[in-house]
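Below, chain A partners chain B and then partners chain C, in two separate complexes.
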Partner chain A sequence: MATVTLNQAQKTYTNGFKAIHGIDLKIEDGEFTVLVGPSGCGKSTLLRMIAGLESITDGEISIDDKVVNKVAPADRDIAMVFQNYALYPHMNNYDNMAYGLKNRGYSKAEIDTKVREAARILQLEDHLDRKPRQLSGGQRQRVAMGRAIVRQPKVFLFDEPLSNLDAKLRVDMRLEIKNLQQRLGITSVYVTHDQVEAMTLADRLIVMNGGVAEQIGTPIDIYEKPASQFVAGFIGSPAMNFLKGKVSDDKKHVTVGDGVMLDLDHDIEAGRDVTVGIRPEHLELLKDGEGRINAGVRMVESLGAETLAYLDFGANADNVTLRLQGTHQFKKGEKLSLSVPVDKIHLFDIESGKRL
Partner chain B sequence: MYQSKWRVFSNHTILILGALFMILPVWIAFASSTHTREYVFQNGLQFWPGAEFFQNYGAILFDASATKGRVTAIEMLFNSMVLGLGFAIGKVIISMMAAYAIVYFRFKLAVPLFWVIFATLLLPLEVRIVPSYEVVANLGLLNTYTGLILPLIASATGTFFFRQFYRSVPDELLEAARLDGAGPIRFFIDILVPLSVTMIAAIFIIMFVVGWNQYLWPLLMTTDDQLYTIVIGIKQVYNSLYEGGQIPQFPKAFALTIMATIPPVLVVVIFQRMFVKGLVETEK
Partner chain C sequence: MKRVQFEHSAVPYLFIAPQILIISIFFLWPAAQALYQSFLLEDAFGLSSQFVWFRNFEDVLSSSSWTRSAIFTVVFSVLVSVLSIAISLFLAVRADEVIRGAKSYKTLLMWGYAVAPPVAGLLGNMMFNPLMGDLYMAFNSFGFEFNHIQNANDAAFVVILIAVWKQVSVNFIFFLSGLQGIPKSVQEAATLDCKSPERRFWTITFPLLAPTTFFLLVINLTYAFFETFGIIDVSTKGAPGGSTATLVYKVYVDGFLGADMGGSAAQSVLLMIMVSVLTVFQFRFIERKVHY
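For the complex of A and B:
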């Protein structure tokens, strides 16, 4: 059981590219932390820095208050699960799991106990004699997890472990990972670009962008109070709607699109130009004439359990997405009357994108 | 793929003709090696085997005088085997290790060094044969197996193939092994070597045959009959064909030729299986 502390950890590649711009983070004992962000945001680099596979060019990373900057990966007492499993193809699954223990000088009997225990937890007992290639993707990923848990490491690191699996299996494995982590109580860091995985797995979420941690918080915090326009747009599906707006003189309203007025409950100066963010699921459909907003339907997508409608908010605005439960039969061009609860309106600075 | 009967027939005809074309000379050599030398001398090359198989092969294998030298075919086969195996195994080991260093260790000049190694492909043995001979002679290694094998075991071809192969091994395997506590030597022995079995078999086959067929180098290196390889032995027997007034030793020369071809063929046949098996297994 362990804590992981990052103190201004930075990574600059020899070609001068700065992948990680100084990150401060304390991962508590037993916490499941998820690093999420678009491709190239540095999330994998950060994970590999914790693993010791990438050097730390500035700042410090400590595991259990011991600085590990110069400690070899094998001596950090961590285990990692890779996206493409990285199982040794010539060894059977038993040996794959046992290899790390063998190198650490465990006795045959100890190795056997540990491997069989891990196999039992992961339901791999029947597959120990087989080679990895004889298993399905999900089973292979379980062997890879087995290889991680047999060592009972201080920290688990997951590098997009589910990206190679099909959608259904991904959901199953997601639950399995969460379950396993809670049962074993091992501090974990998990990298993904899939925000559903991020939201469901994380005790704490770190949204990264361009080598910077844009926001660190619980998934619900981040969903409800995104710190920036980037985070707001990245977390949540379909993505948050962004509209150009202007705060009214009495500070009680903001005008978006072609003169649509929305109520405001922010402490903000009058007449300021802002970006207004509204989640598709926070737009409420009202009876004709009751809502502040009137918008025409451009397109409808029916998913069965929910309906997505793309609305016309005027010539200056992009499509605005509306997400409703159940099925709705909208016609193209039909005018809808909508409103947004005042506490569901997010305002962001036009320049910096910071939350206002 | 659909093929008409005519197509199948013509394909097979071409195939069979090609096979016959390749096999016939070998067959004629074999058939001619089973007659008495007087018979071959009088009647020319033979298509059907004669009755002297055991007589001729026995003599050539175990009786040094039959080859006009002081060495039996069995000894020459042994020498060739030592040369072929030493050559092939040495090349595989050296080139694997060289490629391992080039691919997995970040040291200065790794890339230029690789290209230097690669450039030596342009220089055949014959170009450096005099200086090589000089070095070996100064080291006192003339007429030794070491001298015969050592100067030949650096292999640019092998290094190149292993380099290409290692580069295709996913980096994650290395990283997983590092996390599993495997150092450079462990990783090489536990992971890389088993993964390379197919490559090793392929390079071993090629190199064994090349080594077995070495002619110029052993000829220069060995003045002692006891170290003659079978390829040199054939040449010696042919040389003796026209010496003296005797009837030439055609059948025995043919017998030696046949024996010289058998080990490489066996190596190819045996390792080919491994090679194909390895291919099929890693493919999945």
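For the complex of A and C:
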């Protein structure tokens, strides 16, 4: 039960590289916050700064209004789940979970109660006497979770905990983590590069890029109103389509490709060059000639429940991705006619990439 | 399951032949010779010999000089192994923490590896030379009445010091690579679970180094038993009065300098038995406690 506050937290490495450029953030009690971004964006560094595994070179990080910049990791009352589990290979699973409690001076009986309770929650009761290497990946990750929950810490930190698991297990564990977090109500910070994990787990999502928090908000907010072209391209799969456009003189239209006019509902100056963003799922397939956007099929991926078509649009053959429900048969080179609802058009500044 | 059958050919035997040949010439044949000779009594000039059954063994086991040498060997080996393992472990842990200039530290600490035991003995000799040895002078100027030429304990100190110094670099390399083999995230998980670095070392790092430590224990005991011959021969030559002669050195002194081939052979047979027992003991009882 705790809040985590970041006040202009910064990280500059000794070689001068600035990994984190001053982040302000308040994580509420019991909130599940997900840090998402491409590799090298500083999301893991930020998590490790909260954990105390990386020093904070400027600014402050507080847990429950207590500044923890100089507090040792073990005294921050946090628990972390690592990507490669980081279990102690020479200890059995019981001792792995008990280790943190032993070092905090709990009695044998208390430790036993806590470890068995955690093992019960995570269905590890039959594996307590075994060594980590005798378990499967999913079970190991459970032990790592157990090691975190036995201590009932103020904050849970997850560093890409599911990326070493296979696809099916990942989905199961994702649900399990969400379930567990809601049940225990412990403030959590979760780092991932997987946007499905990010969207499904987060109460609040922080999209990071180049050591900066590009956008902070609920997953749906971020999906519907991405603050920048980067966020728009990163959240959503397949990625949003971007086209060069020019706002028409009457401000009611934007021109893309070879003079294709799309309706616009933005308050924006006439004649401005912009980047137009359209999500693949927001393009609608119409009968021949009825849509304003006409594009030729380059490649099709059929996933059963949906079909992805990669199209060439306009004279420059700009790539446009189309996502349709159900199965569709398209021939290579077939011309498709598409339209897009006016409220699904995103505009971004060409220079800064900011949402307009 | 059906076993894969290869056609029999002479090729595999050809491949192992050089090794078999080397083992036969340099180990099996001399060992058989030693065993045979240990039952013989030879005159001083090697002109005649007589089969005497176990008399050589009786003589060796009842001689006070052999018992003393055996005790010295055990004490010497244990001290050399334990000290060189402890010191190198300490150095490796420290060197592993260093970030700036790590490479130079590591290279400097490994340097000793390139020194051959007799050279190490020679260096020790110079440092403990009563006329110009720096360490000899230093000890005496601090008020110790240090005299390794007359005092058995001081002499033992000198050979142990040289032997440990020589071995530290070897152990250091193994410990350092062992430490680097411990996943960083495991150590980080431990820093979240345990505040005290000492406790963390003894509960996480050291157990994970156990395979390395066990391996080094075997290597170091063998080293102390056999390879220190060069150090002893160059530095003290077993003086004063055979008090720093290990069993191996005594075999050489009695056999090749004292020309008592039978007695020397009996000693080497006993040595062989001792080493076999030690090896079995090590693998049986210590390795069990080692986590791999």
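Points to keep in mind about this one:
Rule of thumb we're sticking to: the second predicted complex is superposed on the first by the 355 of 356 C-alpha atoms of A that agree within 3 Å, B and C clash if a C-alpha of one lies under 4 Å from a C-alpha of the other, contacts with A are read in each partner's own complex, and residues count from 1 in each chain.
Everything that follows uses one rule, which is that a residue touches a chain if its C-beta (ideal position, glycine included) is under 8 Å from a C-beta of that chain, and two chains touch if they have at least 3 such contacts.
Given the structure is predicted, the values throughout are model-derived calculations rather than measurements.
Once the complexes are laid over each other on chain A, chain B and chain C cannot both fit and instead clash.
Looking at the shared chain after the overlay, A:Tyr88 reaches both chain B and chain C.
In the superposed pair of complexes, A:Pro73 makes contact with chain B and with chain C alike. Applying the stated contact rule after C-alpha superposition, one finds that A:Tyr106 touches neither chain B nor chain C.
In the superposed pair of complexes, A:Ala51 makes contact with chain B and with chain C alike. The intersection of chain A residues touching chain B with those touching chain C, taken from the two complexes, comprises 51-53, 72-74, 78-80, 82-84, 86-90, 99-100, 103, 147.
Taken together, the chain C residues at the contact with chain A in this complex read 183, 185-186, 188-196, 199, 203-204, 207-208, 210, 291. The part of chain B that touches chain A in the complex is made up of residues 170, 172-173, 175-182, 186, 190-191, 194-195, 197, 282, 284. Residue ranges of chain A in contact with chain B, taken from their complex: 51-53, 72-74, 78-80, 82-84, 86-91, 99-100, 103-104, 133, 147. Residues 51-53, 72-75, 78-80, 82-84, 86-90, 99-100, 103, 147 of chain A touch chain C in their complex.
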